[in-house]
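In the part that follows, the structures are each spelled out as structure tokens.
Next come two complexes, and both contain chain A; in the first it sits with chain B, in the second with chain C.
What follows is the complex of A and B.
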């Protein structure tokens, strides 16, 4: 009974079970899979994609969609690097990049809310515009990345991990608490669950959505910065396709496309699942082109399992609510 | 005569080129059940959406307990003690009963509205108490609202209104798609509210229900009031004549 209840109330539960099952199967497929050295490699890019997925998830919980995160993932750090090249110190340059990301989020919110364009279309437009801006401001030639920066605090190595993993943990925990334990988090769920009801109950749904749009963009921008710090180079094409990876992680993590359902931990599990699949394909020397096939299959399987467990749990629950 | 609970004067509402309310004047006495009737598109929902802050009137004034009231947002209406219960958009189905009772008016352990830590335990406890007070028996406030029947949802919405001590309750077609048994329950709630001295505006296309629970019948036609009668002065056939 408790198990069924958990499946119904925790959207990430089935993704977690899949992650466990996959870890088990993959460790049989390749002896290297469950080694510390391998995990170090797998975890390298996780903070980046997981942060993007967390933003997309929270936005999706509020009932909206963002296809522009992959472009913001490049635009925001590009602004940062250009500001550094112009002589600004790192903190100022980072803030500049994050402000640009926030403005993109604000523009997405404006187009969606005020102009009444579905966010799918609004942010599809922004995907092209932000990418184009990235190329234009870099003038086609990406600026050199400054070599002499102290970046230990964000991408330095602590034993086998990078510091960025702790940034992911910190941000994830804070946002998770905000979503579950704070009134604003409750409004995000209410807005995505039923926008009309939320509005009727006095929630400022436009404020809620503007906040989630801006948060989503800023997380994508920050994630892009982490990648630039890690690789110590920037190209205008970075992050291309990340919007789909992030949405895949979000949906695998149990978020509902229609809004009102999802969790931060689900987004992280979704990102991990995708990274595990990519990793096992490399380890077992399967043709890398199968990666997309596997991702597609996992999306369909995860969503199907989610739906089935919810239906079953709901049916079990129905008769139980009423007392008399 | 005591001053009315709520009055409107010269209320107009335009949706673009649609003139949905055409200079409505209406007094709603304290503590009565008003049955609001009218054909499709007569302006009933428009009227109550203005009272509940979902739409703003294009022209005209609202007086609440004799004082002019400016209702720009749903929260303004709630602060006046006006609670509206919509048939389909009163609840967020995925969220728990307790959370639905407190949506937008959460209990906080600390912090301010918009940045406050939720007090889940207090909300669950008070939600159960409020639900029990209206005579509804549910086992747990943690179940999602989507697991409730239509009548139970109406019960929870009414419990919510009572919990926040609303003094005017607006029900827009609350018995749509409900079984006979559940409909009777909702009508029973309306009678309970009346006994507690709460003013009720009850909108329904089922004139029998309206006649049964209302003290007063107000009929709308094409954006205006065409009748305002005591319930005993009219009959269901007469009401049909009024609105067709």
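What follows is the complex of A and C.
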């Protein structure tokens, strides 16, 4: 019964179980899957997509969506690289990029909260505007990324891992504590659970949502910077489609589309699951034309199993209450 | 038969169209260039630069229409139909599907709007629809040349395994290039090479493509070469270094000149690329459309290139790449 209670109370629990199950199955499908070398490759982009997914998760917990994260993923580092090309030092350039990301988040919040436009639509518009801005500010031809920068502190290699994994861990732990142990975190859950009730409780719902919109954008911008540091190049198309990957990771990780439910660790597990799925499809040499079908099918299966396990746990809890 | 009728209609309508357009002065001419990619495609920004320069040189009014996201063929078709409805004086567009655009192109011909395909043509070429000419690369031949160029640096006596990275399965430009590479590899096998090859969906994002290539190589250690259908494969350089792969251990080749590809060439992880000179694909159609409208001249095919660029050539092309013209 304790196990079923855990499935009910921890939204990421079923995703974690699925991650374990898939790791086991995938290791049987390919002897390469569980090797250190493979994990080294698979984990490289995880901090990038997981940071985006964490931002989307926290925003989703507060009851809103952000479809512009993929574009901010490109816009923010583009601002940074252009500032660097203009002679600004790296820290100043990074702050410049993050400020732009925060402003995008603020604009999303303004359109959603003040103008009453659903965030799905508001951020869809921002998706196009931010992508366009990325091209416009670079005139279509971004400057080459300086390869001689010392970037060990953010993407350097520590044995098999990149330092960016530790950034993900640090940010994830801090945000996880913020969500679970601080009042503001509770307000985020309350706002997403029932906006009206939260307002009646005296929670500044608008402040909560504005904060989560801005945080979501800044995490996307920072994640984009990490990718640019890692691959040492910037192209205006980077991050295209990441909004859907991030939402998929978020949902697989146990967040509810309706808001009020979700966790930071769930987003990271969701990102890991998606990366594992893509990895096993490559390792098992799925035909090129079937690749996307396979990815899509496994995502649907993953989310379905996730939902089924939670439903089973919920029924068990209901029965337990009835018996009492 | 249908194609023949379309061609006759095209020719007749074009002559009628010329009569109508002759009344314009050069300053009034309006040309539209269309693509199925988004504005964030660096390669297409070079085509746009060529178009912008030609439009300034010939003092004509030009517009380039991108789609909101890469590969949105429906939006591209809609843009094409809207453009035809605007009665512009000339159109240059990609044709990335053999059937999707046929009716719209025939309608342009009926209205007397000269239409030239650029960058990607119908796989049947001039027989596929009623476009006037094609300005771009022979994609299939280019793929063939990349595979051929890669094998030059490899040992025929040793087993070789080539990964073919199909950036966008189902889109003719990618299928054609990989098809050409595949043909050369099959010919090499027939010629006695101990060679195998496999195609994967390698995606069209530098990070994702790089990851997929490295994951594939990790699972298939016998891989000795990679052919990319565009430039995104260059993203694999960073993770290959992480895997301890030394320069020259895995031969990589693909298409286009972008900074990351040139960087990887200098680092020894990319053996060659084919420059299809996108600037010309933007400049020449405007020039041709201008001459068609002004002097009634005919459009003509231009193969904008299958030149192999190797590491020793990087120094000479890098400055032009930085200028956004190569």
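Throughout what follows, the second predicted complex is superposed on the first by the 298 of 324 C-alpha atoms of A that agree within 3 Å, B and C clash if a C-alpha of one lies under 4 Å from a C-alpha of the other, contacts with A are read in each partner's own complex, and residues count from 1 in each chain.
In the analysis below, a contact is a pair of C-beta atoms (placed from the backbone, for glycine too) under 8 Å apart; a residue touches a chain by one contact, two chains touch by 3 or more.
Worth saying up front: this structure is predicted, and the values here are computed from it rather than measured.
Asks: Just chain B (first), just chain C (second), both, or neither: which does A:261 touch?
Replies: first
Asks: With both complexes superposed on chain A, which partner does A:285 reach: first (chain B), second (chain C), both or neither?
Replies: It touches chain C, and chain B stays clear.
Asks: Now for A:74: first (chain B), second (chain C), both, or neither, which partner does it touch?
Replies: Second partner only.
Asks: Between chain B and chain C, whom does A:199 touch in the aligned arrangement: first, second, both, or neither?
Replies: In the superposed model, A:199 contacts chain B only, not chain C.
Asks: When the two structures are overlaid on chain A, which partner does A:41 contact: first (chain B), second (chain C), both, or neither?
Replies: Only chain C is touched by A:41; chain B is not.
Asks: For the overlaid complexes, name the partner, chain B or chain C, with more touching residues on chain A.
Replies: C
Asks: Name the contact category of A:186: first (chain B only), second (chain C only), both, or neither.
Replies: first
Asks: Where on chain A do the contacts with chain B and the contacts with chain C coincide?
Replies: In chain A, nothing is touched by chain B and also by chain C.
Asks: Which of the residues in chain A end up touching chain B in this complex?
Replies: 181-184, 186-187, 189-190, 193-194, 196-204, 260-261, 314, 317-318, 320-324
Asks: Help me check something: in the complex, which residues belonging to chain B touch chain A?
Replies: 52, 54, 73-75, 78, 84, 86, 88-95, 99, 103-106, 108, 111, 113-118, 137-140, 143, 146-149, 152
Asks: Please output the residues of chain C touching chain A within their complex, sorted ascending.
Replies: 38-42, 45-46, 48-49, 68-70, 166, 169-170, 198-201, 204-208, 210-212, 214-216, 218-220, 235, 238-239, 242-243, 258-260, 263, 322, 324
Asks: Using the touch rule from the top, collect the residues of chain A that touch chain C in their complex.
Replies: Touch residues, chain A against chain C: 30, 32, 35, 37-38, 40-42, 44-45, 48, 74, 128, 131-132, 134-135, 139-142, 144-145, 147, 157, 227, 230-233, 235-238, 240-241, 278-279, 282-283, 285, 287-289, 291-292.
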